[in-house]
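Structures incoming, each one as structure tokens.
Each of the next two complexes has subunit A plus one more chain, namely subunit B in the first and subunit C in the second.
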Partner chain A sequence: MSLARIQVPPSAKRGEVIEVRIAIQHAMEAGFRYDNNGRTIPKNVINTLVARYNGTEVFRAELGSGISANPYLQFFMTAEASGDIEFSWVDDAGERGSERAAIVVVG
Partner chain B sequence: MPTRRQFVHAAGTLAAASLLSLDVAAQSDPFAPLIADFTGGAPIKQGRVTLDIPELADNGNAVPLRVSVENDMSSASHVQRITILSEKNPRPVIGTFHLTPRNGRALISTRIRLNGAQRLMAIAQLSDGTYWSASADVIVTSSACWDES
Partner chain C sequence: MTACLLAIVILAACSTQAAQPVPLKSGVEFASADVRSLQQDDFANPGMLWVTRGAKLWLEPAGSDGKACGTCHGDANRSMKGVASRYPRIDSVSTGLINLEGRIQQCRERRQHAPLMAYESDELLALTAYVASQSRGIPVNVEIDGFHRAHFERGRAMYYQRVGQMNLACTNCHDANWSKKLGAETVSQGHGNAYPIYRLEWQAAGSLQRRFRSCLSGVRAEMFPYGAAEYLDLELYLAWRGQGLAIETPGVRR
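For the complex of A and B:
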């Protein structure tokens, strides 16, 4: 289970383009490091991340080992209705994570 | 019968030409197969894409990067995919991002690892089937991948 933090504006006007940011706690192990016994630490990165806004996919990222540890992503989306933005992701070990944040649309 | 002077001159020109062609091949090579993978052979145009990255990055483990595309993200013509390619990383495709008209603005930003000073390339695929690209050079003081800690 990984921890994540999502940042969205506290409220938005209908039709406003808002900034969405997410940071996930994950080592994004590149597979090029060795442990104390000289064995390769296997590659394990978050390979897919999907953002859904009220159930509709708005953003998808395919990530590789070139993304820094504790990946951070920023993108924009149009606020249409109050609801949730939900992120879900999966890493090379098959471990899944998800996090959601409320979008408040006024007017 | 060529004189000695003619012979030396010709030999020198030949040597220079072969060196030059080697150099050009080495420079144009690293991105070509990656670009073909992304575009499926479609032509790429320079422009419309802006790739923002510091000219000098202290820490190759986390280099801030921002890619934006001049596009109004209307449903008729919007950015569908953005990919980021590295010249010297062991895995050159850093990431691919899928956008939709719902994004409203074609901008993404993240932090990346870089294995040394190199050139980066961002390619955007538009819904009308065109591809646009931008590149940037970055100097990295302390590479990712070298640090065993």
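For the complex of A and C:
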């Protein structure tokens, strides 16, 4: 189960610059550790994260093994219309996750 | 007699109740500014991921009767408020000492008839962090009388017992040397009021017992298995020693 928390202001004025934050629970296994039997734990990190605002891509990040576990990202964007900000991501094992948050834009 | 007087001077261990540190300071006060601000930001605090997972698990039916925690306890914001501040405590049925993890496991077994969660599993940490976070701001207030007494005494004895290849007791660091540096760490007073915490070194959330294991392995002493009676007694002694500190779960540490 992939779990994430997103924070966007519940409402904003049209044209306002808003802060969007996301935190995802993921081990971001760098591939440099060993298990109790001495076997390498394979690298498995979230390699791609995309945010879409009402369907249009507004943010994309490519992450590598240098990013700590449970990654936290934030970016700024301009509020244009009410709707959804949807994040989706995929890790090296092919597991996908997504989470969305609604925003109301006034004015 | 003389030996005991000497011990009073050195350890204050001959009085019936050992001392609380003065002034009482939560571990977060010894953390660096960036770690402190991470703990204080309810969104950036990575421990909140476990709390959020706990909130989901709270509503998830488990076991043969298909009951969730919330089926019986309703809104945790109300029903679990203040609960963590009273643990560890004596379980009235078994008259044994249990911590919050143990209490949750009991409901899991007796009330949900669901399989136990492994100690230190993400599930148990998540539920514990979720339940404990409902007591944020509420002062620790445990009982040490009655059936609690023997556990308290054992916990206290352990706290003052030198152990390991380094021959150090908890008190040598957490009473005699708090606020001083140990390598890159600032030694705190060693309280449990922010647990479970998110520790950057672990890259994950962990229980108070995991922290005990770090300290024991640090002085190269024997580590007890998770859930061991020794740890429970120690948890009770520490809670009493930090009596009055507000619960801060989920804390963040380096």
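Here is the rule we go by: the second predicted complex is superposed on the first by the 107 of 107 C-alpha atoms of A that agree within 3 Å, B and C clash if a C-alpha of one lies under 4 Å from a C-alpha of the other, contacts with A are read in each partner's own complex, and residues count from 1 in each chain.
Assume contacts are C-beta pairs under 8 Å (C-beta built on N, C-alpha and C of every residue); 3 or more make two chains touch, one makes a residue touch a chain.
This structure is a prediction, so every number in the text was calculated from the model and none was measured.
In the superposition on chain A, contact of A:54 is made with neither subunit B nor subunit C.
Legend: residue contacts after superposition of the two complexes on their common chain; A:40 is shown touching neither subunit B nor subunit C. When the shared chain is aligned, subunit B comes close enough to touch A:17, but subunit C does not. Judged by the touch definition given at the top, the superposed model places A:7 against subunit C, while subunit B stays out of reach.
In the superposition on chain A, contact of A:72 is made with both subunit B and subunit C.
When the shared chain is aligned, subunit B comes close enough to touch A:32, but subunit C does not. Taking subunit A as the reference, the larger set of touched residues comes from B, when subunit B and subunit C are compared.
Shared interface residues of subunit A (contacting subunit B in one complex, subunit C in the other): 68-69, 72.
Of all residues in subunit B, those touching subunit A in their complex are 61-63, 66, 84, 86, 89-100, 102-105, 107-114, 144-145, 148.
Subunit A makes touch with subunit B in their complex at residues 17, 30, 32-34, 53, 56-69, 71-78, 80. Residues of subunit C touching subunit A in their complex: 43-44, 46, 48-50, 52-53, 56, 198, 200, 203-204. By the touch criterion given at the top, residues 3, 5, 7, 21, 23-25, 27-28, 68-70, 72 of subunit A touch subunit C in their complex.
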